[in-house]
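These notes open a run of structures that come right after.
Here come two complexes built around chain A, the first alongside chain B, the second alongside chain C.
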Partner chain A sequence: MSAPALSSSPVEGFTSTRFAQHLSHRAYLPAWWLEAKKAAWNQFNALPLPSRTDENWRFSDLKGLDLSGFTVPEDHSRQIPNVSSFPEAAEIVFSNRQVVARSHVSADLAAKGVIFAPLDEALRQHGDLVRTYFQKHPANLGSEKFVALNTALTVAGGFLYVPADVEVALPFVIQHTLTGHNVSVFPHTIVVLGPRAKATLVEFFVSGGSSSDAGRSLANAAPTERQFVSGVNDLHAAEGAQLTYVGAQRWSRETLAIQVNSIAAERDARVLSLNLHLGGRQARHESHSRLLGPGADGDSEFDQRPLQTHVSPRTTSNLPYKNALLDTAKTIFSGLIIVEPDAQKTDAYQKNRNLMLSDTAEAHSLPGLEIQANDVKCSHGSTSARIDGEQEFYLKARGINPTEARRLLVSAFFEEVLNKLENEDLHAALTGLIAAQFKK
Partner chain B sequence: MPSLEIRDLFVALAATPDKPIVKGLNLTIRTGEVHAIMGPNGTGKSTLSKAIAGHPDYVITSGDVILDGKSILEMEPDERARAGLFLAFQYPSEIPGVSIANFVRAAVQARLAEGEELDATAYYKRLYAKMDLLKIDRKFTSRSVNEGFSGGEKKRCEILQMAMLEPTFSLMDETDSGLDIDALRIVAEGVNLMRGDKLGVLLITHYQRLLDYIVPDFVHVMYDGRIVKSGDKSLALELEAKGYDWVKQELAASSAAVANA
Partner chain C sequence: MQPPSDLLAAPETEAADTATAVENPTVGIDQSVGDFTYDVKYAFDAGSGLNEGVIRYISDVKKEASWILDFRLKAYQTFLDKPMPTHWATKDLENIDFNKIRYYLSQGQKPKRTWDEVPDDIKRTFERLGIPEQERKFLAGVEAQFDSEAAYSNVKDIVAKQGVIFCNSTEALREHPEIFRKWFGKVIPTGDNKFSALNSAVFSGGSFIYVPPGVKVAMPLQAYFRINAENFGQFERTLIIADEGAEVTYMEGCTAPKFSTSTLHSAVVELVALKGAKIQYITVQNWAPNVFNLVTKRAIAMEDAEVKWIDCNIGSRLTMKYPGVILKGKRARGEVISIALANDGQHQDTGAKMIHAADDTTSVIVAKSISVGQGRSTYRGVVHIPKHLKGCKNNTECDALLINTNSRTDTYPAIVVRGDTHAVQHEASVSKVSEDMIFYMQQRGLTEAQAMSLAVNGFVNDLVRQFPMEYSVELKRLIDLEMEGSVG
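Take a look at the complex of A and B:
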């Protein structure tokens, strides 16, 4: 097999020399993987950045996509605080690109065939399994250039495999902490649930401060380093499987974060994907999922592009998409439901509800439907509202101070989505994260 | 003895401050006393209670409300509540997503000193005891505040909050509205159990019925934004027998007498 020539990158931080070095350090990985990386590298360089005429990027801040200055961090591990606070099945903690802490699955789960490993290890030990599911269903929602860059440069990532009929009650946890100015990271997580398997994966994405900030957790004030994250997830639920995915990000106020999730649910599978966006300067989320996106402080832009595609008959999807906007936060919701010709009896729902907590926040909502079957139930709705004055007064009339009253009402707003989580500890942890936004 | 003094109070809607609804009302309530304000619809009874609690839709254009010697007009609604005022709402808000347990807990926590942690075990013990007393199913603790509650359940939930927060003065706005006779009895029993020298109550009601169960020390008739007649509990019975037209006629007669004098 002859390796294709590597094209040169116009982005100074991501030079072909740097990529060649990246590849040479990973010569021990399967050949198909290295080839995929090379192809992705060339695709990244060939694809243009999104432009004004690109419908997929309507209303987005395109100037924010400037990648100049970003570099791939050198490998070195740091002391970073662990942000999860609930019982777990197993955990992998990344500092920038490196695993700095890890717990393994129990002997019992391992004996049942459960695999939970950093991507690098999974590629070496379960290469064929990874290959089957890696980018099996690309999302293709406008960020192909960034997905290509992720494939080319991904190091930090996790692989979770739960075989048929195995149920794991406690969540698996992957934490990514990005530290340093102008650093970039490319997490790629793959989750595969076999038929009737059941599992929960929680991913935390955090900007860390300097190492002297050892006490920093997800709940503390966000640091301000300029950072770039291009993350990709492949989530697969086979027949009758039940997958709960939670992504919670609290990137720095100067982070450009693009996350592209692809979710494939087979017959009777149930996938709950819940995404909590608390930070970032510009956070774009593309997915086929059910998700949750509260706004955050500062000039954050939350750019949400969910797509639900119904391919087979009698499928159901429901996407409640909720944003709470503080200060000058801006959200863009551009959702689309596609019902393919064979997908009769589809029941699809997309809803975008925005809770406006300030006069300067801005919410754009562009829900859409593309229906090619004739016997379907599809609807979408979009509302923007302020906090209900009567509810707020009711709380205050009980002596609850205005900050706490707001916190309770915002938590209540998200509860419709959060209460779908079966694990109470996880529910409490996420509620706590939302609450922390109000402790200022 | 703590007191709540309403002095020559004028209240209007914030949107129309030049159109007073409450027009020069005077009333002093001391702890240990139960006062009932009766009056026809639209006379300003609910406006009075909401304005005292600090509802943002209303503005106090003149006069004062003094709690324990201090004016509360500059205080925020939550500060007024923590100072000892309680408003039992005529139409309590439904708050989907906030459980009763968390709601009451936040209110109890708000009364603790900064840094002081709530004793969760003691809190639940107390909450359950009060719920049992008010015949509220303990399962309600995890239900969202007032969401899908019947009229009686909402009002019992108001009394539960009052029992948990132990105010010095409670303004009870049409607590009897929407209650069947059984619910009315339970609510009244709850209030009667709290009666004592630590609590002053202002009962706002349209009907005499509630006063059969919560017997007031004083009854006031409110008409056109003012108290026009005060007496003991027998006034309520007289009002029930003669109707509000009787008050209107008396009032017309007395103002005619003033005009003729």
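Take a look at the complex of A and C:
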């Protein structure tokens, strides 16, 4: 059962006084935005924390949801490492909640109408555009309370808009670094791709540890500060658009991280969403993809609670979800494919493969289907097993040491997912992050 | 629907003629056959609604030992305390009105040992269901339950001589407490769920079977369950114990007439397979489409034991049933084979639970469901492998077939694996009958309906083949019947 401390009353750090202060500092933002924040604040207070009987939180550690003690940081550390190591279209780096480094889009892209700005700036300069897409299709997968808190307190966030027919080859990068003990942050990213537009957005989430530890990079050992992150993303792909979204997180070992993504794909759009989870004490990832227009295609690798809703006919989706479990890792995969009555000719696949690399690892798998149309092809598969002994033996017989053999087999295991990335530099960067896990 | 009268007119003469009897095998799974009712004068009636008085009445009528009454009263309290599980289950459960249900109806306490002693009206019912011919031909024993109590029970001498005990719950707890009390309520504790608690409070009837060490019962033991009264709740209790190295197969069939108001069937079935024992439990459920069928079935398998559930759900308004095996001893093996067919107005919420609790245990789940019209079929399963174990294996396959555009199917498996020495795989697919297949068969002169029926039978064929012959024949016929009018 949840501890008595987990009541619906405002918790320490997230008090009404604190919220009033937050609003008063942002009086310069559009009125609708401030109203949305007030409504969300009330919703956050009204909603209860998830309980043991909540099916959306089955198997989850509810004790870990204790929000007491967390505070909203006001300052940021001085030195922030830049973790991305590949050519970018533009970049925004946040430390705690503030922009500490930023590169702008090229004049050429700006002339075509591409907007890439921190949320604060986007609200002031493109308020109506943000308003159209902000929480247009909220995900309802159990974390409504945390989404409300995100809306109420979000400051750090990015807005990417790529107009119709514009293709951007290089990735856009947003980095969030969280520093300090008991701090919290609420990133909110909105991506809007116009018809037939093409773009890639990469988000890095990393704990910077105490300020003296600055200089850590995503690949180094994780710091241990207790931190709280509630992130929300709204991703929209209009007719025929192609969006690649990559989220890579390496939070501290004591971080509670909840990420809720809402993905909407219109007619013939393709969305590839790839999420790499390396850190955190408890990381929950909810993702609700809506395949709205006929022929839309979602192709994703998720961490926790993906929901694929097929609303229109002739849509396809594919979720390969792979976990390699080291040490005492625990994963929960609760995937659901919903095919609504009108969504005939749907092709939907879900795959959860757990590679058990330690005897103390724990894998929970709940792959679900709710099908209400008959002319469909839907399937899911789930496997949990150790590394194939024969494959390991083959490598060892050729003089490769056991650690290296395991590393190779794990990279191969993830390759099926990573090779969906077109950008080779990005592919190399992510492969490097996974390889770093085996250096310890 | 009118019962096909020629099938049932002359059971006595038919029984003598083996060839004819094979053509008319086990009845009791054809919906139209079960759809009839008689006015029966009940000698014992606990009235409608549930309270402590009803429970004391049942216990008193059965002249039970005081520990059983205490067990019942405690279970009643648990039933009241437990909420309806609607946070994950269907809201349809809220439509059960526990106060309208009649909890105990019986004509007499002692089951008759020969067919001639059975009162004529009950005899007529069971003759229509085909029980006596069955027994005379080949069955080892038949227990027939009419509303609350067993109306007729017999174990062939040969089986009785081997030391097999086959009787109802009242008799078993009164006459063989030293055998049955040890395991009674142990595989499925009273508080397992709201409906197991309800059953524990008001249970009556059911089969208690004990097979002594090393005894292999060659022929299947069989039971029929029949609900005859409107608004009636049937709460049978079954406990099968196969002692070390013993083997037994048990088959049950269920029917009820159609009433305008809903009826509740809530059984508890416990199986105990001791070291090296084998139990096979076959159910063909064909309740009328107004019966809530909420059944808890679980087995415990000790070292090297094997338990196989074959579960076939065709009837009822809502079935919620997840046969399970607790794999308690090393190298124990559990298997669930499940077929569900959901037609208009039906929800078949079925599945399986495999709880691994020893090293090198293996389990297999194969579930196939067919949704016709607005029918809804759901697979819900649990596979649990805790971390201190080594070398456990599970393989799960769920396939769903959707016939009409408004048919519905859901799959909700939950798999927990800890440690790196296990191998677990789960696969599920949803599909419809391919147009190519139908076209091919129509080319060769079959009507669309015949082609569809053949395709559906083909879909479940590999499972149906594992059924005893007379059940598989009837099941095929039943699928044909359900598929009528589902195309075009």
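The working rule: the second predicted complex is superposed on the first by the 412 of 440 C-alpha atoms of A that agree within 3 Å, B and C clash if a C-alpha of one lies under 4 Å from a C-alpha of the other, contacts with A are read in each partner's own complex, and residues count from 1 in each chain.
What we mean here is this: a residue touches a chain if its C-beta (ideal position, glycine included) is under 8 Å from a C-beta of that chain, and two chains touch if they have at least 3 such contacts.
Since the model is a prediction, treat every value here as computed from it, not as a measurement.
Participant: For the three-chain model obtained by superposing on chain A, do chain B and chain C clash or fit?
Facilitator: fit
Participant: Could you tell me if A:Lys377 is touching chain B, chain C, both of them or neither one (first, second, both, neither)?
Facilitator: It touches chain C, and chain B stays clear.
Participant: Which partner does A:Thr132 contact after superposing on A: first (chain B), second (chain C), both, neither?
Facilitator: Neither partner.
Participant: Is A:Glu390 touching anything from chain B or chain C once the two structures are fitted on A? First, second, both or neither.
Facilitator: The answer is first: A:Glu390 touches chain B but not chain C.
Participant: According to the stated criteria, A:Asn401 is in contact with first (chain B), second (chain C), both, or neither; which is it?
Facilitator: In the superposed model, A:Asn401 contacts chain B only, not chain C.
Participant: By the touch definition at the top of the document, which applies to A:Leu409: first (chain B), second (chain C), both, or neither?
Facilitator: Once the two structures are laid over each other on A, A:Leu409 reaches chain B alone.
Participant: Who touches more of chain A, chain B or chain C?
Facilitator: Answer, by number of touched residues of chain A: C.
Participant: Does chain B (first) or chain C (second) touch A:Thr17, or do both, or does neither?
Facilitator: A:Thr17: touches no partner chain.
Participant: On the A-aligned overlay, A:Asp359 touches which partner chain: chain B = first, chain C = second, or both, or neither?
Facilitator: The answer is second: A:Asp359 touches chain C but not chain B.
Participant: Tell me which partner A:Asn318 touches in the superposition: chain B (first), chain C (second), both or neither.
Facilitator: Once the two structures are laid over each other on A, A:Asn318 reaches no partner at all.
Participant: How many degrees, to the nearest 10, separate the directions from chain A's C-alpha centre towards those of chain B and chain C?
Facilitator: Reported to the nearest 10, the angle reads 80 degrees.
Participant: Could you tell me how near the closest CA atoms of chain B and chain C get once both structures are overlaid on the shared chain, in Å?
Facilitator: Minimum C-alpha separation, chain B to chain C, in the superposed model is 14 Å.
Participant: Any idea which chain A residues touch chain C in the complex?
Facilitator: 53-55, 58-59, 341, 344, 354, 356-386
Participant: In their shared complex, at which residues does chain B touch chain A?
Facilitator: 53-56, 76-78, 81-82, 86-87, 89, 92-93, 95-98, 102-104, 106-107, 110-111, 144, 161, 165
Participant: Taking the touch rule as given, give the residues of chain A at its contact with chain B in the complex, in rising order.
Facilitator: Spelled out, the residues of chain A in touch with chain B are 388-391, 393-402, 404-405, 408-409, 411-416, 419.
Participant: Mind listing the chain C positions that touch chain A in their complex?
Facilitator: Interface residues on chain C, with respect to chain A: 87-88, 387, 400, 402-432.
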